Amino acid sequence: MTFLRRQLPVLVTFVTGILFAAQYYVPHPLSEQMLTSVSKWLQIIGGFALVLGVTSLFHIHAVKIRRKEPGWGYSFVLYAGMVGTIVIGLWHGGKETTDGVTTAFGWIYSFMMVPLQGTMFAILAFFIASAAYRSFRARSREAAVLLIAAVIVMLGRVPLGEHLIPVSGDITQWILNVLNASVRRAILIGISLGAVALSLKIIFGVERAYLGGGKE
Amino acid sequence: MSLAERMLSIDRRIIFLMIGLCTLIPLLYPVGLAIKVSPEVKSVYDYIESLPAGSVFLLSLDFDPASKPELYPQAVALMRHAFKKNLRVIGMTLWLPGTGMANEVVSRIAREEGKVAGKDYVFLGWSPGGGSVIINMGQDLYKAFPTDYNNQPTRDLAVLNGVQSLRDVNYVVSLAAGTTGIETWYVFGKDKYKFELGGGCTGVIAPGLYPLLRSGQINGLIGGLRGAAEYEVLIGKKGKAVAGMDAQSATHFAIILLVILCNVFYFSIRTSGKTAGQH
Amino acid sequence: MPFEVIFGAWVATGLTLFILTFLYEDNPLFKIAEHLYVGVSVGYAIVKTYDTVVIRLIYEPMVKQGDWSLLVPLVIGSLMLARYVPKAAWMSRIAFAFVVGVGSGLAIPRVISSYILKQIEDTVRPLVSLATDGSTTFTYSLLDPASNLNAIVLLIGVVSVLFYFFFSVEHTGPGKVVARTGILFLMIAFGAAFGYTVMARMSLLIGRLSDLIDYSHPEYGRATWWLLAVTIATLIAFRARRRGTEPPQ
């Protein structure tokens, strides 16, 4: 039983990891067939993973409503929105349009979900302005360099900036294509080396935090 | 409290009002300054221009409603261009919350350009898995999407004639709002299946994609609302992106002014603090 | 214009204004809109997942086309859900092990090829170019990212930033010069990132306000104007009620 709980998952990770890392270098039809099948399986398993995230949300707000904790009315609004969307969505077979005509599910998507999500992120514009005013200070030489680069890019990426200071557009292009690209490249190489190292640690069983779930 | 200190601790709602007005007024009273086209946007345009009629163009709308203002105009401009060139258009998305929006934009633009579903274009919809979907499409498109978004079997569609996998697609453009986007399309797609790849993205992730642009891993990059405006200028059909550029200019100048003022007040406090210390 | 579109415009405008009230202060209107956003988003995700995964990827291929090999991912996916049954939770480890193992295996060679080899290849470009007559030439146009001068700048940038993050070696002497160069490049890149982030956030606001302007027109019943008045009146009422219930000072 200990083997099933402890060693088997690590063995599964090892075998699948080595198999699919090696698959990249093996163009044999059987290898390609294996890749096709398993990538299809991952699509299906990915759908199950979504269930995990949703269930915890259900649980948190159900507890709030049951215990009538402060703000439980808002949890009720959340549930009403969720259940209403699910019922209407399933009624229309998950389709936003049928023969070019918008369904009630499509109406909820276009006139509730899109404006709600859009506005939630749009208000960040105000907060970035407020944060820039309060904290974007040239306290050191490095901060001053950051500030100057930011101002040049903000000028160079809008028509008014290019109109008033034509060279700002060219400097912005140089900053983005050379200076920024070099830094991002270095960061990308560094992160990728770390990701490969972590993947190898996972495959060889050194890193097991991803397993979680249940007592051993 | 000195003037500088009072100004630095001003109610942030005044700043909110300033930004709101800087956005609203240019939208209501636009000026229409000229927009210079950048080489990275022109690269995407030139590549689509070079494709002969009947070529297969895959547009992956990998964004959700939060990024609609930046990427929706890009999708509209790209699709108008593709339909004008009589390319066969495949639409899809790797982002679940964006499915409805992706379906709407593909169907609407196709209808406006007089294109027929199944013959000139298809919308495949969404499938979970990100990289796995791309690998699956690269192996066998019909296994990844046996039916399109309207439950029509994909094998029967005229628009997909001769397309077995991503190797048969002439150009893929991913409009991305984050991870599971352009990088995913390259790593799990172009690296093995060798199609040409272009990108459109939000302003937040654009700087991080320049290494891929410089190395030729993507052949062009349309960055943010400004990129969408440049593309609208190139296709000669100005839309929401161009209309938003004046407001963009005004808000940028507002932020620059705020940053300058912040530093003026900060240095004023620092200098008066030093002077007081000396006395 | 169809009634459902006008009604939808009113609902969208109302919800947009409710969220915007947060800029004034946290209030019940914002909280209602916030919770509704979470509820509707999750409901949408559940419906689409059911339609795509359960019906289109599992039921139709298995039952209608007889592809019973899909029982394997069905079992693995179900094992994942065993996480919620305390006695059987250990079985979910096998499912996670499979997913993580395949994911890691797929990622390693692709990441090495795409992000490491290809990026290094483009960094170590020739420092001089060959002219058409066979002689070497040095191009120094800063506006051309592919020029030789920019190739040198790029190389310096990549090496100095990589060195800056290499903490196993002390940054003293020549190392300090390289690290400080790296910091300079980093600050410029972060400044560019901030500039682009400002551009992105302002674009999002421009998009929402464009919609509010559209919905203020007569064909939508001037939704924006009416709902703006209602929202402001509601906020004033909330404020007055809060002042009324506050203890006297």
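In this document, chain identifiers A, B and C correspond to the written order of the chains, with residue numbering beginning at 1 in each.
Just so we're on the same page, a residue touches a chain if its C-beta (ideal position, glycine included) is under 8 Å from a C-beta of that chain, and two chains touch if they have at least 3 such contacts.
Nothing here was measured: the structure is a model prediction, and the numbers come from that model.
Chemist: Which category does the touching pattern between chains fall into here: line, ring, star, complete, or other?
Modeler: Topology of the interface graph: complete, with all chain pairs in contact.
Chemist: Closest chain to the overall C-alpha centroid, by per-chain C-alpha centroid: which is it?
Modeler: The chain sitting closest to the overall C-alpha centre is C.
Chemist: Mind checking the centre-to-centre distance between chain A and chain C? Centres are C-alpha means, answer in whole Å.
Modeler: 6
Chemist: Taking each chain's centre as the mean position of its Cα atoms, how many Å separate chain B from chain C?
Modeler: 12
Chemist: From the C-alpha centre of chain A to that of chain B, how far is it in Å?
Modeler: 16
Chemist: By the touch rule stated above, which residues of chain B touch at least two different other chains?
Modeler: Within chain B, the residues that touch at least two other chains are 16, 19-20, 23, 66-69, 96-97, 99-100, 127-128, 135, 192, 207-208, 211, 214, 224, 226, 248, 251-252, 255.
Chemist: Which residues belonging to chain A are in contact with no fewer than two other chains?
Modeler: 24, 40, 42-44, 46-47, 49-50, 95, 109-110, 113-115, 117-118, 120-122, 125-126, 128, 132, 147, 150-151, 154, 157-158, 173, 176-177, 180-181, 184-185, 188, in rising order.
Chemist: Where in chain C do residues touch at least two different other chains?
Modeler: Touching at least two other chains: 23, 41, 44-45, 48-49, 52-53, 57, 106-107, 110-111, 115, 119, 122, 145, 154, 189, 192-193, 196-199, 201-202, 204-205, 207-208.
Chemist: Inside the complex, what are the residues of chain B that reach chain C?
Modeler: 13, 16, 19-20, 23-24, 27-28, 66-70, 96-97, 99-100, 125-128, 131, 135, 146-147, 151, 183, 186-188, 191-192, 202-204, 206-208, 211, 214-217, 223-226, 240, 243-244, 247-248, 251-252, 255
Chemist: Residues of chain B touching chain A in their complex?
Modeler: Going by the criterion above, the answer is residues 8, 12, 15-16, 18-20, 23, 33-36, 38-39, 64-69, 96-97, 99-101, 103-104, 107, 111, 127-130, 132-133, 135-136, 139-140, 143-144, 150, 192, 207-208, 210-211, 213-214, 224, 226, 245-246, 248-256, 258-259, 261-263, 266.
Chemist: Which residues of chain C touch chain A once you look at their complex with the stated criterion?
Modeler: 4, 8-9, 11-13, 15-16, 19-20, 22-23, 31-55, 57-58, 69-70, 72-74, 76-78, 80-81, 83-84, 86, 88-90, 92-112, 115-116, 119-120, 122-123, 142-143, 145, 150, 153-159, 161-162, 165, 183-199, 201-202, 204-205, 207-208, 211
Chemist: Can you name the residues of chain A that touch chain C in the complex?
Modeler: Touching chain C from chain A are residues 4-5, 8-10, 12-25, 37-38, 40-52, 54-55, 57, 71, 74-75, 77-86, 89-90, 93-95, 102, 105, 107-126, 128, 132, 142-143, 145-154, 157-158, 170, 172-193, 195-196, 199-200, 202-203, 210-216.
Chemist: Within their complex, state which residues of chain C touch chain B.
Modeler: 23-24, 41, 44-45, 48-49, 52-53, 56-57, 60-61, 65, 106-107, 110-111, 113-115, 118-119, 121-122, 145, 154, 189, 192-193, 196-210, 213
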